[in-house]
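Let me give you the structure first, and then I'll get to my questions.
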Amino acid sequence: MDNLQIANRTFRSRLMVGTGKFSSHQAMLDAMEHSGCDIVTVALRRVDINNPQDSLLSHIDQDRYLLLPNTSGARTAEEAIRLARLARAAGCEPWVKLEVTPDPYYLLPDPVETLKATEVLVKEGFVVLPYMPADPVLAKRLEEAGAATVMPLGAPIGTNRGLLTRDLVAIIIEQAQVPVVVDAGLGAPSHAAEAMEMGAAAVLVNTALADTPDPAAMARAFRKGVEAGREAFCAGIGPKRQQASASSPLTGFLRNES
Amino acid sequence: MDNLQIANRTFRSRLMVGTGKFSSHQAMLDAMEHSGCDIVTVALRRVDINNPQDSLLSHIDQDRYLLLPNTSGARTAEEAIRLARLARAAGCEPWVKLEVTPDPYYLLPDPVETLKATEVLVKEGFVVLPYMPADPVLAKRLEEAGAATVMPLGAPIGTNRGLLTRDLVAIIIEQAQVPVVVDAGLGAPSHAAEAMEMGAAAVLVNTALADTPDPAAMARAFRKGVEAGREAFCAGIGPKRQQASASSPLTGFLRNES
Amino acid sequence: MDNLQIANRTFRSRLMVGTGKFSSHQAMLDAMEHSGCDIVTVALRRVDINNPQDSLLSHIDQDRYLLLPNTSGARTAEEAIRLARLARAAGCEPWVKLEVTPDPYYLLPDPVETLKATEVLVKEGFVVLPYMPADPVLAKRLEEAGAATVMPLGAPIGTNRGLLTRDLVAIIIEQAQVPVVVDAGLGAPSHAAEAMEMGAAAVLVNTALADTPDPAAMARAFRKGVEAGREAFCAGIGPKRQQASASSPLTGFLRNES
Amino acid sequence: MDNLQIANRTFRSRLMVGTGKFSSHQAMLDAMEHSGCDIVTVALRRVDINNPQDSLLSHIDQDRYLLLPNTSGARTAEEAIRLARLARAAGCEPWVKLEVTPDPYYLLPDPVETLKATEVLVKEGFVVLPYMPADPVLAKRLEEAGAATVMPLGAPIGTNRGLLTRDLVAIIIEQAQVPVVVDAGLGAPSHAAEAMEMGAAAVLVNTALADTPDPAAMARAFRKGVEAGREAFCAGIGPKRQQASASSPLTGFLRNES
Amino acid sequence: MQITINGNDKQVSQHATVTDLFNLVAINPEQVVVEHNGSIISPADYDQTTLNDGDVIELIQFVGGG
Amino acid sequence: MQITINGNDKQVSQHATVTDLFNLVAINPEQVVVEHNGSIISPADYDQTTLNDGDVIELIQFVGGG
Amino acid sequence: MQITINGNDKQVSQHATVTDLFNLVAINPEQVVVEHNGSIISPADYDQTTLNDGDVIELIQFVGGG
Amino acid sequence: MQITINGNDKQVSQHATVTDLFNLVAINPEQVVVEHNGSIISPADYDQTTLNDGDVIELIQFVGGG
């Protein structure tokens, strides 16, 4: 499979993995391992000072994985910017998966605040990967604001419903000058493969891996699904047809046909 | 990936490949090689006595691949039975992919003639894999008649339109006691993966591999798609949800929430 | 709206109504009234001799509605034929909605038994309207056997899931010489309208009308949905497009465009 | 059908009609007449001073129809605001269908400029009906900015592709405090009916009416489709089911069942 | 003697006819169809059709159905 | 002197008013809106509004639109 | 005498066998199946099977198919 | 004096530094980021940064997220 380029970095894998909701650190590490991913997302939270836990970072090999801090929980550009700065201060490289989701029920991104935060963070030198609605005009504006990728949603976070936004994501891919990474809602390898077959540059998956009895196996499955979709896209997928097209020769059967 | 059992034989691959419509024998062999398949379908035709060609069999390693002759071109049970007998006489094992397609435009299978031919061929000791409409009651009747698998169509042959019949194929899978092999219309790895995620035992692909500039790459892609779908099915795919389900903890953000 | 012709009879309405599962006879009669239907289906059952009820027929004005007895409950051609004969002996005209559904869970039709029963009943002078899977080849064979219409299912009976079989129903409509009546699974007026826009001659609805707090209102809604779909089909529906097509003139805006 | 309330006005019809692309003024007037609509959209353009035409307004009875000027052609908030002011100066009531579409190929709305223009025009006393992407968070923000309705797109303008955005429109409807009017891409009455069944308050149609040999008939069809969908929504549509639900009693058939 | 009506065993007098049967079970003949040992009996024959021990009778009527 | 109407250059006499302009281009004032150097002119002011060299006039009207 | 092979009429000598036929049409017997008047002939019988006037022969082989 | 750490009120001694705070709450400084009255403090300044009554401290760390 061909490499993925984001900003000035090159990645072998086109599958990004989120680290939330796993039943254990080991389950998370197994999923990361078997997914073959190069990029993992992490979140920032207040320490519970009455019951401090080890930082997640003590479990993740940062020589192997690029940490991509997200701004989950932020409801405004201001909150998202604050989180991005804290992540950088914590020693991460200045990459951020920008999430601004005012509605806690569907966790859908705010187009206006997302654009505002992108403009600020790009100026501060961040490599910004914004989570966004499947809105082709917004994608253009985020690109113009300096976003390193656009990350349109396939379906609301954690719903496993697949690429409900396929028609608009197709337009985003057609028009984008930056890599299009489909994020959220991909619940099965076929969903990931479909996104890649359409020409997406990568996909990000979390719930689908955490939400199964066997995260390692599901991670392998998603890895294959992503590679399958990408390789098919590169090979060239045949057109859909209305009429059947015989795969066996129809002529010269054992009857004399006029 | 777990093995596939059909009749009394075990196969490592869950991807069957058709040998029609390739631009060259080499393209066909490359696709077979990279697909990892164990079973390839072939057709029977009259020799053109004014311009005889080498038999396809001189190109295929029969120690490696199980030849599955189809009855393509047959419009009645009688014609299909005649073709099956000829294939066996030609030295093939008594396996047959039964196709009875009276309509040359959509090449859709005839339920009544297909059942009739299945009954006869099973009595004659054939292992019968019937191509069929996505009809759960017919699937039951073919199974009762002794079919080794049922092969419901995803979409008309060669249309690349994917699993248009998903809702009925799901019922067939739920009720079947024999392996369900989705055949026809699968045009991209995501289509194959979707069928496997639903619990199909295998898929058969031809046009999608012949219909691309790079059959070897597409065959690799389909192999991964099939494995991805099967492994996800075995791992256990999470349920689809209406409400979002956060993949990052929503509580304890840097604001005091009431 | 243009008339519907079945066998040698002409009907004003293209909506047929089933009489099952209503909360009361009055609810059923209201639904029939507001649907504008000309044809209503009825079923045959054993009298409960320990607690005999009035026959349904004492409630239905047979000068206004054509009674279409179904063979629901039959699992074989033989049982269906027996029911059809009983219905005729009961004084109905020799019309029958043929249903052969061996599987009580999904109530899907048996293609082989349905064809067999059609052949017998046509010879006995019945006008046969067979409920069938969305199988274009079977539709052809039923037509050749003398069926007055074909009635492919949209989705399993009573599921309200709509026209899941749209792609195959479209082929049936394209090839049929008799009226195509979509039966089963239509749960909302938009489902009925979609079937009519594709060129279906009529639809049959029952559960959707019985399964609502206001059967009369739902019947009006379905009547409008069916008429909307038919009138749009006759007027000629525009093609689907990939690119947008402005509905306002784009040129000559208040800027000087080069 | 129940009335529609927008801002402080009440309308009998839930179908709004666009006046673009008709083959003649008469075809446009026929479509308006048969649609039963109360609201028609119009556009503003430079007069061609070398070949002046009658104003569209000389053809439309403004006592019967509310003129809803759109801002089509505007690529920025500023251009849209300018058009809205010109429309009001031309004697229209201060209602505006706000359209800001920078991309002439897909004519998709710009979320940021649309919000900006809404804020300004509401302050100037306009009743603003913004055309928008199917973005639930943006819908909330437009509502907070004082929009009288939100008008999410079903599909790109003029594509006749139907409610591609159904999943997100459903969320918008669930969360909206103002009427949700589905605009753009509805190509057949079943598309309009589906939107209404989901709980949309109204739909706007233009291309589908202009793009047919018989605009008057298609307008009647859409009128019925909209009424069908609304009446079904109000009556209460039954739930979708996986298992079949018999519409005829299954017990007491003419066999003794254990 | 004993016959079976709609799956229920019933005692009826010798030489009972189908018409007698309707009186016995208090059902209006106009609302049902009668099967006697598998063959349909037309209303005109109800009076003449006498029953024998072990006969099987089915009384059928219309109900709501889709 | 020269003005620009809807993107076209036109010669008009000194002291010409918007009303004069309508006569010049033979357009019925009731069917259009007038922008004069970017500001909207109300019909009541057509007579009083005199044009100067280089002025930009836009005459706008309603057309069909969706 | 004349026979029909795969829909083509051919002249063959009296007492010609299936084996002779292969030589005539220059086809490798190992690559085909033979139907003689509708019944399949096994390779072992090619030498013994003599043809008669009007016989119908089908030579069948494998080709690519899905 | 009293400060607020992650929403909890805490009593700390006069002239306490951020470093003292870590000892107080028994948290490994290397695993967190510190915000002091809304501005981020770099580890190099933990010793020098003294707290005043009413200060607001946030200790932040990485957790799993998608």
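The chains carry the letters A, B, C, D, E, F, G and H, assigned in the order they are written, with residues numbered from 1 in each.
By definition in this document, a residue touches a chain if its C-beta (ideal position, glycine included) is under 8 Å from a C-beta of that chain, and two chains touch if they have at least 3 such contacts.
The model shown is predicted, which means the values in this text are computed figures rather than measured ones.
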item: Set of chains whose contacts include both chain C and chain B; value: none
item: Common touching chains of chain H and chain C; value: B
item: Centroid comparison with chain A (C-alpha atoms), farthest chain; value: E
item: Distance between chain centroids, defined by C-alpha means - chain F, chain G (Å); value: 93
item: Distance from the mean Cα position of chain F to that of chain E, given in whole angstrom; value: 95
item: Approximate Å spacing (C-alpha centroids) for the pair chain D, chain F; value: 34
item: Distance from the mean Cα position of chain F to that of chain A, given in whole angstrom; value: 55
item: Sites on chain C at which at least two other chains make contact; value: 18, 20-21, 43, 45-46, 48, 70, 72, 106, 108, 156-158, 161, 206-207, 246-249, 254
item: Chain G, residues touching no fewer than two other chains; value: 7, 35, 58, 60, 63-66
item: Pairwise chain contacts under the document criterion; value: A-B, A-D, A-G, A-H, B-C, B-G, B-H, C-D, C-E, C-F, D-E, D-F
item: For the chain B and chain A complex, residues of the former touching the latter; value: 18, 20-21, 43, 45-46, 48, 70, 72-74, 79, 82-83, 99, 104-108, 156-161, 187-191, 193-194, 197, 206-208, 210-215, 217-218, 220-225, 227-229, 231-232, 234-250, 252-255
item: Touching residues on chain A, where the partner in the complex is chain G; value: 246-249, 254, 256
item: Parts of chain A lying in touch with chain D, wherever the complex brings them together; value: 101-103, 106, 108-112, 115, 133, 135-138, 140-141, 155-156, 161, 164-165, 167-168, 171, 175
item: Complex contact set, residues of chain E against chain D; value: 7, 35, 58, 60, 63-66
item: Residue ranges of chain G touching chain B (in the complex, touch as defined); value: 5-8, 25-27, 31-33, 35, 40, 42, 58-66
